[in-house]
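Below you'll find a set of structures to go through.
Heads up, the next two complexes both have chain A, just with different partners, chain B and then chain C.
Our next item is the complex of A and B:
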């Protein structure tokens, strides 16, 4: 019935397809169905079909809208700063000859720590009274701050911790892009008499465009979904200053047990991320090589 | 050809999804009914508990139970914040991995309302287990609900004022306070005076010590701490007729005092402190008072864990009514072998086991253990604890208590961080709590 080639294709294709479907597709479809019901963790089964009620409710939920703004601020800050910082470090790492491996290993360490551990470590470091950060500051005569307990500072602290944690990812991706670049355009630029800055803007950046877009897109998506760091560091507080969307959704599902509503919000988030991905992809393909 | 395969797989998946939903509804009921009194044959019991000292006491004494009965007991101890989300899916399923669970007092309304807990009355009557030995405030909270017994009280965590004797007895501070205010520096009778003293100590000690250390992290730490202020100011969640009074004058006054203390006496950053952070500040000797769980006292008196050992004492929260808290043992309705679960429950809550746990440092719920001469010999402060327990008040037992705490925690944090005025924050609480389904 099947040719040999088709058979071996199927043997490799079907198991992976089944695993993917069971772990990715099934929950996705289940959550989609759930988002149109009044499903709750208090009851068995999916609950009653209530059409688009959950989706309309989202737009009247002031706490959700507040968390959207917080997430936007968080994502923009985190992605921009991590990209800038990551690019600078990647460029420097690409140039040095000696000790590259050592630097690289040290820089990569934070990325290997799980977000919960990162949060716990920083909570201890930033303890206003007993933490080492304020102690170090006091040694040089600077008065310490209530990093996570001050409504004006909490977001800044969370952003800084996230940068510490996630910058290695940026460095890794961008460095890979830099290393794999051809050397000819650089030689040509040199012959044409281009300065360092010129070479960077006219050669490096255009050649790196694809990598940069992938890096930013990846990071933006994971930043929008940030939940664990917030959970450990601030629980959304003080007040609601660090309450991001994912944390808000988590509470709807596990504190308010309102899984139908939480699914609807999750789907909306998925939609936003999906649109974002498409836009980025379109942008990256619209001008093939400047 | 490829496309057909893909469509086929997706169809099968969707079908399996639909049938899975259907069947889970169906056999859920059947199984829980079938797993009735099957009769104590289970050789291993699984219990979900929290990582707290009282769990360690249980682990220590449970070996005896295994020796006596041959039943192995596996205790899974997890962090508080992951307990609720671990329990709910288990309780919803057709069968539960856990044969016995411990229930925090503010889950009681939710769990009993959802019918997740086995009724214990028939076991209690059959084996003539005496429940009158429990303190009334404990048994009303984590024992029975509306006359039906669902749980046996496991341990208490009523809150109290833990304070530094040496600071409150300091003659220098005392004379300065007398000179400045004309009043005596002592453990005060009112919350207002407590906040005054707290601010005075912080001002006098200029950053080396704070009048009180507080915990302003959302949602539980700030909520439970503030409820002491609410109850001690004469406020409450509900009037006797069931209407909400969480935003009345007394509640607003309680929140104003709380915010005042947080801003002017507590360490910088206390608005973000969780329980451990606040505890460490006190244990390091940097705070004069701390409204916390009464079972913290033995920990603070232990020189290997705290720098203030020997200098600490306990008192009722100024104003007289602290927040009561406690955990109850319960058997999930979908537990596999309820008879075996009950055998263990009966054993661990017997006078001898309860006393043994108390002697190891556990927090008793039984009056006979609290007053036992051996126990009081080791822990003399239990005389005060019994008094505190009797005058304390609990979080209302309603199914929506976890949601209530979440809303309350968020709004209190808003008030503390200056995002809202106390009145506006409590108005929001009242509005959202009234809308809870």
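Our next item is the complex of A and C:
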């Protein structure tokens, strides 16, 4: 006979764990095994065990290293710009009294839209001949560009579009931090006669430190994983100027059919994300709960 | 005197700035909305015609010429069913974790780790598994696959909600002799209902917006909306007006549903990392 406790464990907890074992754990192990084989979509089965060959190959693969660099550039740019811009907007939203809710509602909308739709919206707006953006620029005398088709501009355009899409998320996080701040330090600063900028650097920033770190880390983790937006906007192009890691791995698996090698690359990505996640969890758990 | 004057000025500037920002976020969406109600010819016009008589032709066209209606149904069924399963299983698991003293912390971290996984790592093995089972291009396949991110997300969110419900309430019920299941369904669930509703909507949105798994695992039979609109463009050249209508259709449920759960959004979107 089962005890009451064991029975509730079986009913409440086990079904979810079975589902997660099948949908998360099993694929992860499968990918790990595959990363040590020359598995390919061209033939059946797992292929031959080739040890660490895939992993050593990665470090000589200039295409892969190129995509790593592209991802680093993309991530650093979007996280920094989104943070800076997001913080300014969050501070302003925190300042005002009237219309806060309306601004807030408008500002979070882009974040909710699926990346595929965001990509399509901007492809239409930025279309070299039929898009509204080039037309508006022509009205003020600026010559239009092939924003996504020009190798020099593609990364810039993708970063701008990602900012449009994701900055609301940054605003949301930072605003939540600002709202939950105690008012005493501000009153103290006022009594001491501190100016606005001084109060910001000496009071707001130190108090927001953990929120800031959590927001930046969380956003960095999601930025490194970016895939959908690139797929719709540029397919990694022109050339490989916007080919981020996730898209590179996808191409390796589904264009070159090299699943073993693709798995090895994906595990490297996993490792990076994993390290960042551990830092993220350490920081967000040490954060005093408001 | 001087200070209050600069305060006023700063207030004005803040509003000007915020209105500017709102326009940057809003105008692209409004432009797409406008174009979705124009005729094909007008949609192509540059310089654009600012005042147009709205027409529903594009919406009619995508639902009749394309199998768009089918894709819409696919998206609806897959997102809805996988969310319902996630709510059902996730609520029970979350309750168990929220009320268990030992091992709770480890499980919490394990659940959070699954949220961090890059989908590209999962999609290759899942594709191979599904292919060898002969299950490509089926509703069930996507429903089950979506549980890989929906279920942990649900568990993570609901642990938080259940913890806000005092332990004494369901313990009192158990003292009175009801089973854990009865305490759960009669005492805890009714109290957690708003939270569960919000978590359900968030996880529905996650599934509704998902692209990579759907791209790899579906053909024409069970294709979902994100894959369908991404393909629409490559297949038919730029059909601006119809593309805009499709984009509006995919965005609309998301925006409407999110307005209901605004106050849960912050916690939900950050997997509860900031309270």
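As a convention for this text, the second predicted complex is superposed on the first by the 251 of 290 C-alpha atoms of A that agree within 3 Å, B and C clash if a C-alpha of one lies under 4 Å from a C-alpha of the other, contacts with A are read in each partner's own complex, and residues count from 1 in each chain.
We adopt the following convention: a residue touches a chain if its C-beta (ideal position, glycine included) is under 8 Å from a C-beta of that chain, and two chains touch if they have at least 3 such contacts.
These figures come from a predicted structure and were not determined experimentally.
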Partner chain in contact with A:168 - chain B first, chain C second, else both or neither: second
First (chain B), second (chain C), both or neither touched by A:255: first
A:148 touches, of chain B and chain C: first, second, both or neither? first
Chain B versus chain C as contact partner of A:42, first or second or both or neither: first
Chain B versus chain C, judged by how many residues of chain A each one touches: C
Which superposed partner A:270 touches (first chain B, second chain C, both, neither): second
Contacts of A:128 with chain B and chain C, given as first, second, both or neither: first
Touching partner for A:234 - first (chain B), second (chain C), both, neither: first
Partner chain in contact with A:246 - chain B first, chain C second, else both or neither: second
Which of chain B and chain C A:184 touches, first, second, both or neither: neither
Where chain A meets both chain C and chain B, residue numbers: 13, 17, 22, 26, 30, 123, 127, 129-130, 254
Touching residues (chain side chain A, partner chain B) in the complex: 6, 10, 13-14, 17-18, 21-22, 25-26, 29-30, 33, 41-42, 44-46, 123, 127-130, 144-151, 154, 234-241, 251, 254-257
Residue ranges of chain B in contact with chain A within the complex: 1, 5-6, 9-10, 13-14, 16-17, 21, 24-25, 28, 84-85, 88-89, 92, 110, 114, 216-219, 267-273, 277, 280-281, 284, 286, 399, 402-403, 406, 410, 413-414, 416-420
Contacting residues of chain A [partner chain C, same complex]: 4, 8-9, 11-13, 15-17, 19-20, 22-24, 26-28, 30-31, 34, 89, 92-93, 95-96, 99, 103-117, 119-125, 127, 129-132, 135, 164, 168-169, 172-173, 176-177, 211, 214, 218, 221, 224-225, 227-228, 231-232, 245-246, 249-250, 253-254, 259, 262-263, 266-267, 269-270, 273-274, 276-277, 280-281, 284, 287, 289-290
Chain A-touching residues of chain C, taken from the complex the two chains share: 10-11, 14-15, 17-18, 21-22, 24-26, 28-29, 31-32, 35, 44, 46-48, 89-90, 92-93, 95-97, 109, 112-114, 116-126, 128-129, 144-145, 147-148, 151-152, 155, 179-181, 184, 205, 208-209, 211-212, 215-216, 226-227, 229-230, 233, 238, 240, 243-244, 247, 250-251, 254-255, 258-259, 262, 265-266, 269-270, 273-275
